[in-house]
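When the chains are written out, they are named A, B, C and D in that same order, and each has its own residue count from 1.
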Amino acid sequence: MEYVIEMLDIRKEFPGIVANDNITLQVKKGEIHALLGENGAGKSTLMNVLFGLYQPEKGQIRVNGQEVKITDPNVANDLGIGMVHQHFMLVQNFTVTENIILGNEPTRTGKINIKKAAQDIQELSNQYGLSVDPYAKIQDISVGMQQRVEILKTLYRGADILIFDEPTAALTPQEITELIQIMKKLIQEGKSIILITHKLKEIMSVCDRCTIIRKGVGVGTVNVQETNPDELAALMVGREVHFKTEKKTATPKEAVLTIKELVVEDSRGVEAVSSLDLSVRAGEIVGIAGVDGNGQTELIEAITGLRKIKSGSITLKNQELSTLSTRKITESGIGHIPQDRHKHGLVLDYTIGENIGLQTYYQKPMSKSGILNYKEMYKKAKELIAEYDVRTPSEYTQARSLSGGNQQKAIIAREVDRSPELLIAAQPTRGLDVGAIEFIHKKLIEERDKGRAVLLVSLELDEVINLSDRIAVIYEGKIVDIVDPKETNEQELGLLMAGGTREKAGGTA
Amino acid sequence: MNFLEVLAIIIPAALYSAAPLIFTALGGIFSERSGVVNIGLEGLMMFGAFTGIVSTLLLQDSLGAWAPWVAIVIAAVVCAVFSLIHAVASITLKADQTVSGVALNFLAAGLSIFLIKKIFGKGQTDFIQFRIDKVSIPGLSDIPVIGKILFSNVPITSYIAIALAFAVWYIIYKTPFGLRLRSVGEHPMAADTMGIKVVRMRYVGVMISGMLAGIGGAVYATSIATNFAAGTIAGQGFLAIAAMIFGKWHPIGALGAAMFFGLAQSLSITGAQIPVIQDIPSVLLTIAPYVLTILALTGFVGRAEAPKALGVPYEKGRR
Amino acid sequence: ACGSDDAGKSGGDKKAADFKVGMVTDTGGVDDKSFNQSAWEGLTKFGKDNGLDEGTGYKYLQSTKASEYESNLSKFAESGYNLTYGIGFLLKEDIKKAAKQYPDANFALVDDTLKSENLDNVASILFKEEQGSFLVGVVAAKQTKTNKIGFIGGVESPLIKKFENGFKAGVKSVNPDAEVISQYAESFNSPEKGSAIASTIYSKGADIIYQAAGGTGNGVFTEAKNRSKGGKDKKVWVIGVDRDQHEEGMPENVTLTSMVKRVDLAVEDVAKKAMDDKFPGGKEVVFGLKEDGVGIAPSQDNVSKDALKAVDEYKQKILDGDITVPQTDKEFKEFEKTLKK
Amino acid sequence: MNKLVKNERVMMILIPVVSAILGLIAGAVIMLLGGYDPMLGYQSLFDGMFGTPKAIGETIRAMTPLALAGIAVAFAYKTGLFNIGVEGQLLVGWLASVWVGYAFDLPAVIHIPLAVLAAAAAGAVWAFIPGFLKAKFHVHEVIVSIMMNYIALYTTSSLIRTYLYAGNEKSYDIKESASLASSFLAQLTDNSRLHYGILITIAAAIVMWFILNKTAKGFELRAVGFNQHASQYAGMNVGRNIVLSMAISGAFAGLAGAMEGLGTFQYMGTFTAFTGTGFDGIAVALLGANSAIGILLASFFFGGLQTAAPQMNFMTGVPSELIQIVIALIIFFVASSYLIRWVLGRAGKGGAK
């Protein structure tokens, strides 16, 4: 059997943690090999070892049958290994070209030959169908294009073995489709790929084989043709997982959130939300489906007071919100699970306890006449940690040191516990493993059943279809249609999200 | 005095006092572009001034008029080495960069006077015999109007400083070294994955800043102060930092800002001799450079974007 | 100063053995090329002449901060020093406090007076800087070719005003048409300001600048040297202050002359008196032209014969009381009026 | 976990102590190299710090402005701001205290608090400007603070010269009724200049600790320091908190000025160069690990070193600059705690085995 990559009995420790415990991974030439595991299972670590960012304590690495020591990324590059990292490794204010040539710059008499570099990149991108603008700055391009830049970086260095660490977590469905095409193309060109993803569907559709690790230990490798998502999930988590969360039919009551003729501008002054109408009733989950960048972010920011509106009205149970401060809006009954948990959701340097108190620290019982009562705060935190199964050493642990899934659970605990009339959940499961997703979905439905209004914004169509009682399709800042999840499918939604229309008129706003 | 006469006084004066600031601010750019805050520029300048004067005093008997020039080179080398203290603390030992810079300032202040007392047996040095003198550039200074304004009565070091700003611009924006240096200051992890030695780049950045601040200090000492004492460098390094930030970490911006400081300062001094301005209370003229800087930053210069990873020690694998 | 030679010698040896004298500098330090240095020279001479050892018999302490003045003064008093100098008016308050706290120790304040406090263990040493400045003003007026003369002061204060007004009076007495351009640097420690101001004043046509600006004055020398390198027709002059600043003007030789203020003599003199139990406690000791406390520096090669002659004439007039040199702006205005008549 | 927390606490104390010892050792080496006797040098240094009641009094006197400057730096630091403008805020505070102390005739019970509050208010106003500009226009607080330092330096001296000038480059003395000087404390310490400012300093340290750790506002200020986006999300007014934090920090710095104006000097000079106390505050805050108690201890140590440096010079001829070098090295050692942690860690492991 011809393996391009063999990682044998790799062991990697971090202070206090064995991230990889004798893991073996063998990748055949020309295959797409999936690497699957829960958050924190050790996938990224293993790949960073392969890429030379970390040195393993034990184990052997072979490339094309030759034993190698990969002491730093340069060595990996020389061996033809390229990596697209989980968190993009791009310099935001550099151009596409500068990012790609960094460390490998073509020069003429000491000066970087940018023209030649841009040409080379253009050619390369044509060859693999990776369209990019060589002169655009990273900060100005879409996430999808950034990803293509990451891929080009590896190709520019002549990589034959590509590692993709969770490449689809931040992509829109369209971009995911494109990426899958690109990967197939790469295989045709003779490359081999290691793909890390939490999305079992993707594994089923593109991968040849799949290696599963659980808590740092290798569970085994399976042929994708011979397995199914349920089995994969069970192998990964160590128990059975339900993908489709059970839920009763909704019994919606009065409207809680009513948005009329809303117009919001984005940071550059362009109209991002234009005369948008929407209502969410108590006891229902309204999902917003749309391609990223169609005004979802601005809509949420407007509702929560983080962004000034241009015109229109937003009312929560007859109270006008658009003139209120964020604090007043929060107090009037809105819970908000933000889409970027590190930027908005948490103060990473605060303890979990303090983060639990982030919305209510100034109210009784956590504060009395301006004096903070930490005892109450941590008491509350302890309760919620238990109730929401936040895996943390203690309530005094820094939020920074928790895994993404557990950070997310802490945010949800904080927001849900305040019993808001309206719960806004933006990308609540981004980057999380199936176990965590299951838990969060259950929580959202529980809230609905308690009679709360839930507004769900997600780029995952599965999630939107599974959870929502009604789906509002957003396109260019407007709600273009409202559909019943039971009567629609991903194809139809995709069409609507792209600006198409439905034959048959249905669903009312 | 007519307007041109006034210009012929303040422009050369501005060029004269801006030169040390330009060198030092350019040094700061190398350090901060690599991601290392350098509040220690003040101390580095001080040590540069110290080295410049001591070297000139020791060399002037044998080298004559060349002594200050050689002294500037020596100061460059010595300060590049001296800046290693900041580099080791803030890069290798991951110290808070601001604090390490502040410590460097204390150290330079204490050490230079301590050594002066040890070497000369007194708290300040003698005056140097040979200075970097103001010159009028032959030919150019004879051009009508601008010759007197731009090319007379200015030390050569000022022109070198201006030329260097353009050279630094080229290095930072046009060469592989510059691209790598900036990448390390913006996103060290990304640079690391591209095989760039983050730590080495940062050491180089800090040492160049030491070198240039040393030159800045030595230029100040050999062209303006002409001896060394405790108060010789009193705030020039901080002004250079301000020029660097004001210039948005861009070499030409820093050049402009340093010239602006020089101009405002010379105006505040010359103002006392110019009709109309004469009547303004002198304190207003004295504080004008600082007030104008604040207004400029607030009003039309707008937000300065620091290198993203500035001040953050790089640890492999940390997110 | 030498009036009590006998007494000094007879009792001297016995007394000198346990006589201790100290001085506290301001933040300038004993090598400030100005009055701290001068004072230390005087003290050193006194110590050597009387067989004292440096460090035990005579000694100085440099202050690095204003808050150290008082504690430094008390250190001497506590260590049994018979007399301690505070060099510079900045130490006035501190001497007052120390003197009250250590009534058995003697103190002397240079450049200001504590007479009104009635402390009989404090002597106040004052100089008539205006008189010396007047004389260098005469030199400047005699030797200017442009009829424009500059004055650069350190910080605008009554003390430096004495230099300015004395100087202006000297200039105007000789040459009423000469213009004096004055500017203060507001700092004793900014050579860059000194040189910038000098540059402005020279550019306005002045060919001589009198500087009374401490460290700031160094910049004035730098600027003058720079200009003088440009050729004979660009030669400009500086008049030094406090000490003979001839050396500071070399090698371009830009020091016209200097106004010396003999802090060294004063310090030596008061120390002698103290040793001889004639300490002028509670009194002001004033050093003017008469006492040779101020005057024109010995390096006079650059001064014309004509000017020297005029200096001698005016010196006599001042000594005779024919001229009272103004100290303040107001007095100067009065003085100018008398000239016009 | 408990062990870890405990360890962290131990480290917080151990690192500054070890650093101070290392700094002093390095100082001894420098003395040796310079041809001085380190034993004698340090003996006279410690005599100068603690040897006599007067020395102790002077040490405490010197510590008060240092501690307040340190508190000012630390308070800003804890809320994500770098207040390098303490020097300027101290100067305006000093001037305000002297002006109120001189211009009014009031009974001491009113006069002293009024003068002290004036200093705090002046410092707060001075720091408000960089805070406001940062909040409103996103201007870097460091550069504005540096500029404000110079403005303060020249403006205060010009104001004194115009309105409060007593000649000799100083203002008029404050009235007796505004003075913090205390004959009781002076007697206690053999006529040192120790004054009641130390009580204000201790109170300020407690206030800092209380605001940051015990109040909802402190929770908010720190949150804004760590993550502005999350704070905004949580309904906090980011801009207002930045301004408030700078103003509070500036008030502490202003108090440091009052210590000089109402305590040590009783007047203010027309300075032409910075006092340096504001910059020393950075060192103090660091050595004190930005904690209230730590700052008090660190300022006591630095204050002592600084007051004793002339004593060392007086007795043994070692230039006082040695102390500056030692302080610089101590800061390096504390800042590079990584190294000390590593060494201590190894030592600990070695011992355990």
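In the analysis below, contacts are C-beta pairs under 8 Å (C-beta built on N, C-alpha and C of every residue); 3 or more make two chains touch, one makes a residue touch a chain.
All figures in this text were calculated on a predicted structure; none of them were measured in a lab.
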Chains touching both chain B and chain D: A, C
Chain A and chain B, separation of their C-alpha mean positions in angstrom: 46
Computed distance of Cα centres, chain C from chain A, in Å: 77
Length of the line joining the C-alpha centres of chain A and chain D, rounded to whole Å: 46
Mean-CA-position distance for chain D and chain C (Å): 37
In chain C, residues with contacts to at least two other chains: 62, 64, 186, 189-190
Where chain A touches two or more other chains at once, by residue number: none
Overlap residues in chain D, where contacts from two or more other chains coincide: 154, 273
Interchain contacts (touch definition) - all pairs: A-B, A-D, B-C, B-D, C-D
Contact set on chain D toward chain C in their complex: 54, 58, 62, 154, 157, 161, 167-170, 173, 191, 193, 260, 264-267, 269-270, 272-273, 275-276, 306-307, 309-311, 313-314, 317, 320
In the complex with chain B, residue positions of chain D that touch it: 30, 34, 82, 84, 129, 133, 137-140, 142-144, 146-148, 150-151, 154-155, 158, 273-274, 279, 282-283, 286, 319, 321-329, 331-332, 334-339
Of chain A, residues touching chain B in the complex: 48, 51, 53-54, 72-74, 77, 83, 85, 87, 89-94, 98-99, 101-105, 107, 110-112, 153
Touching residues on chain D, where the partner in the complex is chain A: 1, 5, 214-220, 222-223, 226-227, 229-237
Chain B to chain C touching residues, read off their complex: 1, 5, 8-9, 12-13, 16-17, 122-124, 127, 129, 131, 133-134, 136, 153, 220, 223-227, 229-232, 234, 265-266, 269-270, 272-273, 282, 286
